[in-house]
Amino acid sequence: MTRLIPVALLAIAAVIFPLSVHQIFIETGIERELGTVQKIFYFHVPLAWIMMLFGVICGIAAGIQLRRESRTAEAFAVAAGELVIVAGLGVLITGPIWGHASWGKPWTWDARQITTGLLWLVFVAYVLVRRYGAAGSERLAAALAIFGAVDVPIIYYAVKIWKTTHPSNNVVGTLPPEMWAALWPALGALLATSIALVFIRARQELVEMELDDAWVQAESLTEQRDTAKGEAT
Amino acid sequence: MPSASDSTVALPQPGARAFRATTPWMRLPRQAWVMATNDLRQEFRDFELLATAGFFTLVVLVMFGLSFAALGRQAQPLAVPGMLWLGVAFVGALTLTRIFDRERESDTLRALLTAPVDRLAIYLAKASVTLMVLLGCCLVLVPGLAVLFPVAAVFAERPLETAVLVVLGCLSYVSVGTLFAAGLATSSGKNVLLSVILYPLTCPALMWSLVATRALLEGHPDFSIYLTQLAALDVVLVVLSGTLFESVLVGGSARNKGRTTRGRRRR
Amino acid sequence: MTEVVTPLELRGIGKRFGRLSVLRGVDLRVDAGEIVGLIGANGSGKTTLLSITMGLLSPTEGERCFGGAAVSDVEVEQRARIAFVAHTTQLYPRLTATENMALFADLRRAAGAEVAPSGPLLERLGLSHAADRLVGTFSRGMMQRLALARALAGRPGLLLLDEPFTSLDRPGRDRLTEVLTAERDAGLAVLLSSHDHDAVVASTDRVVLLEAGRLCGEARRDDGDRSLRAYRDRVAALGMLGSAVDREAANA
């Protein structure tokens, strides 16, 4: 049953995605000041939201992993953590392109930019520890993910204060309704895709753990057979 | 050669023996105190930590001085907080590594973990010793900055506020750092990972300290608010790290039969 | 005396690291007043088994019972009754012998546990002349003895020793055996691991063989011929079995 969830989500995304592209490029007018570059906004903002969402999900899953020693939670934490990196990469690439067009420079040390950047770093650290840490470091990585999730609001708020002393231009102004109308389908398509990816990746991780189980079982079965054979002869 | 027969320690049956377990709240402060004083006793024997960390602070300070001596008066309030907290971050990583290396070199951290000691007490002891060393280094760093940069003279003019700020800022760094340094010390090898973990994670805490320091230098009226917020952040970080400490170090129980501890895959 | 309780009982302990299965279904019971030796080749899982018993690792499956009660975590209450002498002696080199003893004595007292005075213990283990010397200047044998003194100071009901005979000379081994035997007679349960068969024969009442993560056999001192020589032969036979299992595993 769970096998069908990603398939269904990907199917939904496959339907919505062309529609949203149509909505973004054909139905919605070209923004007066920025021109066509503004279209990147419809991909940038959903990706940023997805990144934050899965950062928090990864933290929660890691918390469950530590408390309950749950394999499923561990698999989901890993999958969500990796998705944060992928989505974050998208955000960090599209952001400066858009920024360059709207403010004339790609990086302005805006609160959102710093939050995104730091969060991305934390989750890269998470994957690094999981991959290169010694035995037992999966618990350390889980703690890292929890701190990553907790850090999100803290960093954001800190930079906001930092900025109030030196006000800078606003990133997302008030949006006309037609832009929102184009944003939702794009968000839906990207969200469905990323949930599907997380499911697939988590399943992969679970299968890997089960494969380890099977390996151990096979090993002990072979051993038993050999001993039986040895006794028979 | 002493003979074994004359002074055999009486050993009643285990389980029949009178053992009144103290409540965690009774033993926690005492055990933390015992371990912290033990670390300090070792430190005062050769001053290794204070000497190396203090010297490193001095080197960092000189490097900052050389790099930023020509900074204009207007740029200084922006740069000095960064120097202060970057300095703390560098020295803190060095101190944390060294403190847990000491427990690693003779495997004594395991002895503490197998003793009837609350793991939280180990966390509190290590965090407080690290904090003390770090504050000792700040005694070099803060006056040094005040001498090198005219703007930082505020540190000398308002010593009380500066002290509170430095203590709170260092505490936020230490609370997170102790958890991860201890976690790395119990798993085998790979101390390089400490900087990989430590710097991104402590960024928010350091940024908050940065904001508060700048407010102090500029005489911003909101300084006390920032200080309160920093204190609140400290509470959050200490509680979170303390809660996670035991499960990171030794892992939870095997309540779930199906679980595995996943280590590095066999190559 | 109250009902006799079993200080340690392991039931179906298994431990895995990913694909690597270190322990499989280990059942082991150590009674009060008994010294049990755990033999097996390097990498057979002896240290892992002791670490699990001590609560440094949690088992993948199975349960640990102390004093008859199964526990999910080895909590402070259990750790107060168990002592562990690791292969790395886990002493602070910058502290003197007395200070090392005092540190753990203070920690135990704070937990509400009993502590034996360190002076007589140090004397009994032949360390009173070095009581105020830094442990960093100790020889390996002295450290081993100090670690044992520290463990006994807690008046444990169960003592675990990981490779205690390694790098000890003959008199050192004899002294260790002497102390362990005396404590055994006073009711202590001891589980020690070693790959040195001679030392194990001299000091234990029972030997179990751990091979490739499984308990493969047992030899008892009071099984038939009680002489030391007969016991030695039985342990040697057990060791042969171990290497046979090893060879088979290598061939497979």
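We call the chains A, B and C, going by the order they appear; numbering starts again at 1 in every chain.
Rule of thumb we're sticking to: a residue touches a chain if its C-beta (ideal position, glycine included) is under 8 Å from a C-beta of that chain, and two chains touch if they have at least 3 such contacts.
It should be emphasised that the depicted structure is a prediction, and the values quoted were computed from it without experimental measurement.
Trainee: In the touch network of chains, how many steps separate chain A from chain B on the shortest route?
Mentor: Between chain A and chain B, the shortest chain-hopping route counts 1.
Trainee: Which chain pair is joined by more contacting C-beta pairs, A-C or B-C?
Mentor: By the number of C-beta pairs in contact, the winner is B-C.
Trainee: Report the chain closest to the protein's overall CA mean, measuring from each chain's own CA mean.
Mentor: Most central by this criterion: B.
Trainee: Sort the other chains by how far their Cα centres are from that of chain A and give me the top one.
Mentor: Centre of mass proxy via C-alpha means gives C as farthest from chain A.
Trainee: Counting only Cα atoms for the centres, state how far chain A is from chain B in Å.
Mentor: Chain centres of chain A and chain B, defined by C-alpha means, are spaced 31 Å apart.
Trainee: Taking each chain's centre as its mean C-alpha position, how far apart are chain B and chain C in Å?
Mentor: Computed from C-alpha means, the inter-chain centre distance equals 34 Å.
Trainee: Counting in whole Å, what is the centre-to-centre distance of chain A and chain C, each centre being its mean C-alpha position?
Mentor: Inter-chain centre distance comes to 48 Å.
Trainee: Where in chain A do residues touch at least two different other chains?
Mentor: 135, 212
Trainee: Note the residues in chain B that touch 2 or more other chains, in rising order.
Mentor: 251-255, 259-264
Trainee: Do you know which chain C residues sit against two or more other chains?
Mentor: In chain C, residues 16-19 touch at least two other chains, as defined above.
Trainee: Within the complex, which stretch of chain A touches chain B?
Mentor: That would be residues 66-71, 74, 118, 121-122, 124-125, 128-129, 132-140, 142-144, 146-148, 150-151, 154-155, 158-159, 161-162, 165, 209, 212-213 of chain A.
Trainee: Going by the contact rule set out above, which residues of chain B touch chain C in the complex?
Mentor: 1-2, 4-5, 7-17, 19-22, 24, 26-27, 30-31, 34-35, 38, 41-42, 45-46, 105-108, 110-118, 250-255, 257, 259-266
Trainee: Please output the residues of chain C touching chain A within their complex, sorted ascending.
Mentor: Touch residues, chain C against chain A: 16-19, 21, 24, 212, 248-249, 252.
Trainee: Taking the complex as given, what residues does chain A use to touch chain C?
Mentor: Those in contact with chain C are residues 135, 212, 215-216, 219-220, 222-223, 226, 230.
Trainee: Give every residue of chain C touching chain B within the complex, in rising order.
Mentor: 1-2, 4-5, 7, 16-20, 32, 54-63, 67-68, 72-73, 76-77, 79-82, 84, 86, 88-95, 99, 103-104, 106-108, 110-114, 116, 120-121, 123-126, 152, 154-158, 175, 178-179, 181-183, 185-189
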